[in-house]
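Single-structure report; data block below.
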Amino acid sequence: VIYNALATTDEMNEVFSDISVIESMLGVEAALARAQATLGIIPPPAGESIAAAAATVEGFDAAVLARDARQSGTMAIPLVDALRAKVRAVAPSASEFVHFGATSQDIVDTAFVRLIARACVLLRRDHEALAASLRDLSDRHASDVMLGRTLLQPALPITFGLKAAGWFAGVTRCWNRLDASRAELSVLQFGGPVGTLSAFGDRGLPLADALAEALELSAPAASWHGYGDRPAHFVAACGTYVGTLGKIARDISLLMQPEIAEVAEPGGGSSSMPHKRNPSGCAIALAAAGRLPGLVSTLMSGLVQEHERSLGAWHAQWTAVVDAVQTTGSSLSAMRGVAEGLTVHPDRMRANLDATRTTIPSSAGPADHLGAAEALRRRLLKGD
Amino acid sequence: VIYNALATTDEMNEVFSDISVIESMLGVEAALARAQATLGIIPPPAGESIAAAAATVEGFDAAVLARDARQSGTMAIPLVDALRAKVRAVAPSASEFVHFGATSQDIVDTAFVRLIARACVLLRRDHEALAASLRDLSDRHASDVMLGRTLLQPALPITFGLKAAGWFAGVTRCWNRLDASRAELSVLQFGGPVGTLSAFGDRGLPLADALAEALELSAPAASWHGYGDRPAHFVAACGTYVGTLGKIARDISLLMQPEIAEVAEPGGGSSSMPHKRNPSGCAIALAAAGRLPGLVSTLMSGLVQEHERSLGAWHAQWTAVVDAVQTTGSSLSAMRGVAEGLTVHPDRMRANLDATRTTIPSSAGPADHLGAAEALRRRLLKGD
Amino acid sequence: VIYNALATTDEMNEVFSDISVIESMLGVEAALARAQATLGIIPPPAGESIAAAAATVEGFDAAVLARDARQSGTMAIPLVDALRAKVRAVAPSASEFVHFGATSQDIVDTAFVRLIARACVLLRRDHEALAASLRDLSDRHASDVMLGRTLLQPALPITFGLKAAGWFAGVTRCWNRLDASRAELSVLQFGGPVGTLSAFGDRGLPLADALAEALELSAPAASWHGYGDRPAHFVAACGTYVGTLGKIARDISLLMQPEIAEVAEPGGGSSSMPHKRNPSGCAIALAAAGRLPGLVSTLMSGLVQEHERSLGAWHAQWTAVVDAVQTTGSSLSAMRGVAEGLTVHPDRMRANLDATRTTIPSSAGPADHLGAAEALRRRLLKGD
Amino acid sequence: VIYNALATTDEMNEVFSDISVIESMLGVEAALARAQATLGIIPPPAGESIAAAAATVEGFDAAVLARDARQSGTMAIPLVDALRAKVRAVAPSASEFVHFGATSQDIVDTAFVRLIARACVLLRRDHEALAASLRDLSDRHASDVMLGRTLLQPALPITFGLKAAGWFAGVTRCWNRLDASRAELSVLQFGGPVGTLSAFGDRGLPLADALAEALELSAPAASWHGYGDRPAHFVAACGTYVGTLGKIARDISLLMQPEIAEVAEPGGGSSSMPHKRNPSGCAIALAAAGRLPGLVSTLMSGLVQEHERSLGAWHAQWTAVVDAVQTTGSSLSAMRGVAEGLTVHPDRMRANLDATRTTIPSSAGPADHLGAAEALRRRLLKGD
């Protein structure tokens, strides 16, 4: 939608579109029915009928599901009702086996876990391209001397290669954390009404394992209905990454001020001033960095969940996670474009440095000060 | 969209739909052109052509605008381009007067200010209905004695009338603040590229006043391009209101625990347990209360804006405001339903109170303790 | 304490010191005893004994009170115990009338409300000095032309007088909100265990009114034990003010970059680079602006309070309010110093503007663009 | 201090006391001087003189340092000045070698990293005791059947052993993350003014490695002056842990409502109602869970740091980290006490379950529903 256009990308929009969300939930119901049929928990023909009905979004109306979700407090209830009706129309006896032994949260959580995994493939692609660009910038400008600046004041010389290596190491550290938290979140949610797999007797654990395998997810020790730590940890990792991208965007937009003019991102135009080139990629990354802290805090507050399923915290959880992932995607995509299209002006770097010589004591000239810079740069590019 | 279905309502969705956002922006461009024509700033026929082209959303493709917005950093640029093209097709000489002297932020901010005003009409309606229900609950149960509970432990007797009067006074205080901040936010944004009305010479202030009047907004002393305090203050008021609704939802859901069973909201069902009645209205209100603090913090962080228009903070602002308003609407709508459909069980209130007599000393019985309760109840119902 | 030295001032430290907090709580107990004696609720000699014992902090050990508070969950309980013991030592029969009919929250909340009021006197003094400085800066530089900058890029000319007038209007709007919310928070908290004034029969309301008058606070319709909206609204107003101060600090620190060099704050030195002058006042204001959003969100989350006194939300409330007020004081004090000591370089403003003429089209020169700037400046200085 | 007594512990208070902070900073200066002397960077006698002067806090006045820190924007500057003066008094020629080649941030960050490490030893001790108690509760009540509750309504039976095993697995997951982020944060900060080790030529890297070893910290690839991801990640892990403790506190306080009465924590008393036993341990944990999300969001916002050292974000960082660690300690300490002193009432669990039989369909009795509960419990106790 337009009002939050800057906080997503076309691809992320597609991953979390209504159709995609419905497909993901139906995919869980289908896998459940198949696994139950295989294990003899439901009649095999019922499993087939359910899987067939869940194979397409035909007959599921997103607007109606959303409206009904506001009544029941979860989109699982209207979706299961609609699936039952669709099954009943072709195989009446199978309809009672739809969603058998499962609870709403099993379906919703697992569906979103799968969508997050898809979104993370996009994030990884953009991260790798961004990291490669930053490494390349660092290598190409390894010996281009520039002012180091602290507290927005000139300090002593550094190289642009060292600065870009710092950016590289920052996003690398953050990606490694994000990737680890992604793996932790890629787990099945399946426990039935209170997490005891109560409908399945001694076939509960084999069913959970089979379902996890079918959906290409890890099988946790038990369901995690009342625990939001995995999503919270993941969104925190998104927040750390997006904040570090914001740091890079802040650096670049400061260096792009025309009085400094040491770098320039490709940028965008102005509706009123044709002569103007705006750092619009940085703007998107900085907007994202303003948004994530609030989303992280929502997930953190939402950890205080009641008993075997919470009232409210769960209901707020996935909206915040999806907002966070999409915003992370918008920032990464923007900063990838910024890094790939960055223009660097070593002459201006040198000129700005020279202009401060009157204030920086002569003993602090570059000759004395850059001894370790190249060694540090190489260490940072190893990935920190 | 489905993934955040619980954080809005059908009506709010409509207010902030793509078509509605585009219409609101076009409405600002149309009013601008008309006012400029009236004041002789642009040729009257150009004003008419622009207003005519901006009268319908025909020819504006939301998906394309969103994509282009991600390039330019604002949806105003592609929208103005599309409007110019539409005008040019029928009145070539008029197209150069589209968006004349305005800046992207003038259009975007004013458009959202108008949409927020529309949303607040819905909020007011639901607030008034909710407040009336709470007052009515208080009156009907003025003398129904129940346990007062502190730190989730029984304390001394109160009346349900007093408790409901507290709810009434709480939402009334919060609404009054929200309404005041709404009025503060209902101001025109119009200053041109740097807020100096630079294109208009001495007709700038008259134009701003005329535009404000045409759009039924207040005219501020000057444009507020680099200042987010009005939106932040408004969202904070939403946050305080939604948090207080969360307090009511918490109270009701606690009283609805079957071991206590003093009230029940209409609620919703369960996908797995037909015998179960869930407090789904309270769930939506509590989810909203989990979401607002993060949105408020985003607006607060976003106050640190650079110079005459910020890089990033502005770009994050309206998404957060719109998310906040829609979530406020979802909470109000849910709690209105909860209050209107609340079942009260005075017998259970009495029974739970009696059951604690063994622990509450006899000197603390209701006879001694409710002297001021009715007077306090009446004071609270005056609106605090 | 050192670890948060930058987030307070000496004066604020004193207002919220251990002795000051204890004195404020004792002051409430003393006023309560006196009012109860006057109304005949407790024996007048008991009232005198209690008031006398509560007149000094002698015999109250802050470290012990803090430790005991962690056991009982509130500092009121150990304080009341210590006061009872002190009274008992001189007037045994009076000790049972200590804290008579009151609840912990009555004392704690009222004590903090009083301390906040004291802190707000400091805030007002610094606000008024800051606003006067900003107005003066605006007047003195009314016609000094400089670059307006949007998205960190040069746009069109403005005057420094207009920019400073924007700062003035921003802090004025924010102060007015803060001051209104301060008044709303300056209310007595007094209701007894469950808010019903249960111990006092028909003398409860007169007692509450007398107590409010004695403590120079407003008397609310009823106690507000389960409602955090007043503190939350107040802290949100602090957040909006501090964020706007952060905007000014951001502007000034950007203009102080030596490549721009249009203004300079008095600043501080560097531990490693004697040639360096850092914008340390702006640093403190920007640190404060990074801290408030989180505190606001804590207050907002804390609105979801259970029944007649919450479990946890209340226990987190005043720490966050006090942190917020002290941090507001640190920002105001720092920015007052920045504004009072600001050096302005109109020549550099002009030079930077001239340097952009090659990129700004000639039709956009100052002559054409500053028509309304002075009028807008005057409007802003009226207070918005 | 009293106003935030509930958000710390005596031990944590000691770790972050003024003396302790000063000692930690002096310890870094001493280790630096010794390492520089060893490597021949400064004269060995100077190294000895500096280390001797830095060995005690004598001559360092916390109140004065705090006041001066507000002028210079960092406590390193007044501390280094005071240390230089102390050295000069006994070895004039050595004083110029104090803090040689280092920058304020090197000292401050490394000092806080060391204090955090000390605080984490306390956290680990309390975590291990808490985890042991939860495991023990789970084992002792492995077969005590109780109601599973979802959305605050009764659902199907679980065992208390399974519930406690969920708590155990939750804190175990969270501790493992916290511990990993602690290790990531236990790194030296040392780079000199702009991170290039500019004063040391080719001895910079050996010096950094020697310093890290002396302080028992890891040596990172390079200094991290402009990067807050390590502290932010650590505080996020604290937030996730504290939120999960909040979940346990919520569960226990709900089960302790007298109408349910299935468990009771040791708790505290009431200032007004002698018959009352409050869940004051849970109150502290829930207060902590209300505080951490805001602190996490401050750290996340603070990731957007300018260039080689930020203006403001760095200045806000350690206060927030220390607040977070102390609050984590308060929650852990409280919940350790709660778990160790928890009274469990299996008879009430059974009675409450039986009372719902009229509403839970008979087919859903415990016999049918607890097949997998014990297997799940054992899996959870393996650590998830």
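A, B, C and D are the chain letters, set down in written order, and residue numbers restart from 1 in every chain.
Criterion: contacts are C-beta pairs under 8 Å (C-beta built on N, C-alpha and C of every residue); 3 or more make two chains touch, one makes a residue touch a chain.
No experiment lies behind these values; they were computed from the predicted model shown.
Q: Applying the document's contact definition, name the chain pair with more C-beta pairs in contact, A-B or B-C.
A: So, comparing the two chain pairs, more contacts are at B-C.
Q: Between B-D, C-D or A-D, which repeats the contact pattern of A-C in over half of its pairs?
A: More than half of the contact pairs of A-C reappear in B-D.
Q: As a quick test, compute the distance in whole Å between the mean CA positions of chain B and chain C.
A: 26
Q: Where the CA atoms of chain B average out and where those of chain D average out, how many Å apart are those spots?
A: The mean C-alpha positions of chain B and chain D differ by 37 Å.
Q: Identify all positions of chain C at which a residue touches two or more other chains, and write them in rising order.
A: In chain C, 73, 103, 150-152, 155-156, 192-193, 246, 249, 253-254, 270, 273, 278-280, 283, 286, 289-290, 293-294, 296-298, 301-302, 311, 364 touch at least two other chains.
Q: For a test of understanding, state which residues of chain B touch chain C in their complex under the given definition.
A: Against chain C, the touching part of chain B is residues 73, 103, 148-152, 155-158, 162-163, 165-166, 169-170, 173-174, 177, 192-198, 200-202, 204-205, 220-222, 225-230, 232-233, 236-237, 239-240, 243-244, 246-247, 249-251, 254, 286, 289-290, 292-294, 296-298, 300-311, 364, 368-373, 375-376, 379-380, 382, 384.
Q: Can you check the complex and tell me which residues of chain C touch chain A?
A: For chain C paired with chain A, touching residues are 150-156, 253-254, 256-260, 270, 273-280, 283, 293-294, 297, 301, 352, 355-356, 359-361, 364.
Q: Sort out for me which residues of chain A touch chain B in the complex.
A: 1-7, 9-10, 16-18, 21-22, 62, 65-67, 69-77, 80, 99, 101-104, 107, 112, 192-193, 246, 249, 253, 268-273, 278-280, 282-291, 293-298, 301-302, 311-313, 315-316, 318-320, 322-323, 330, 334
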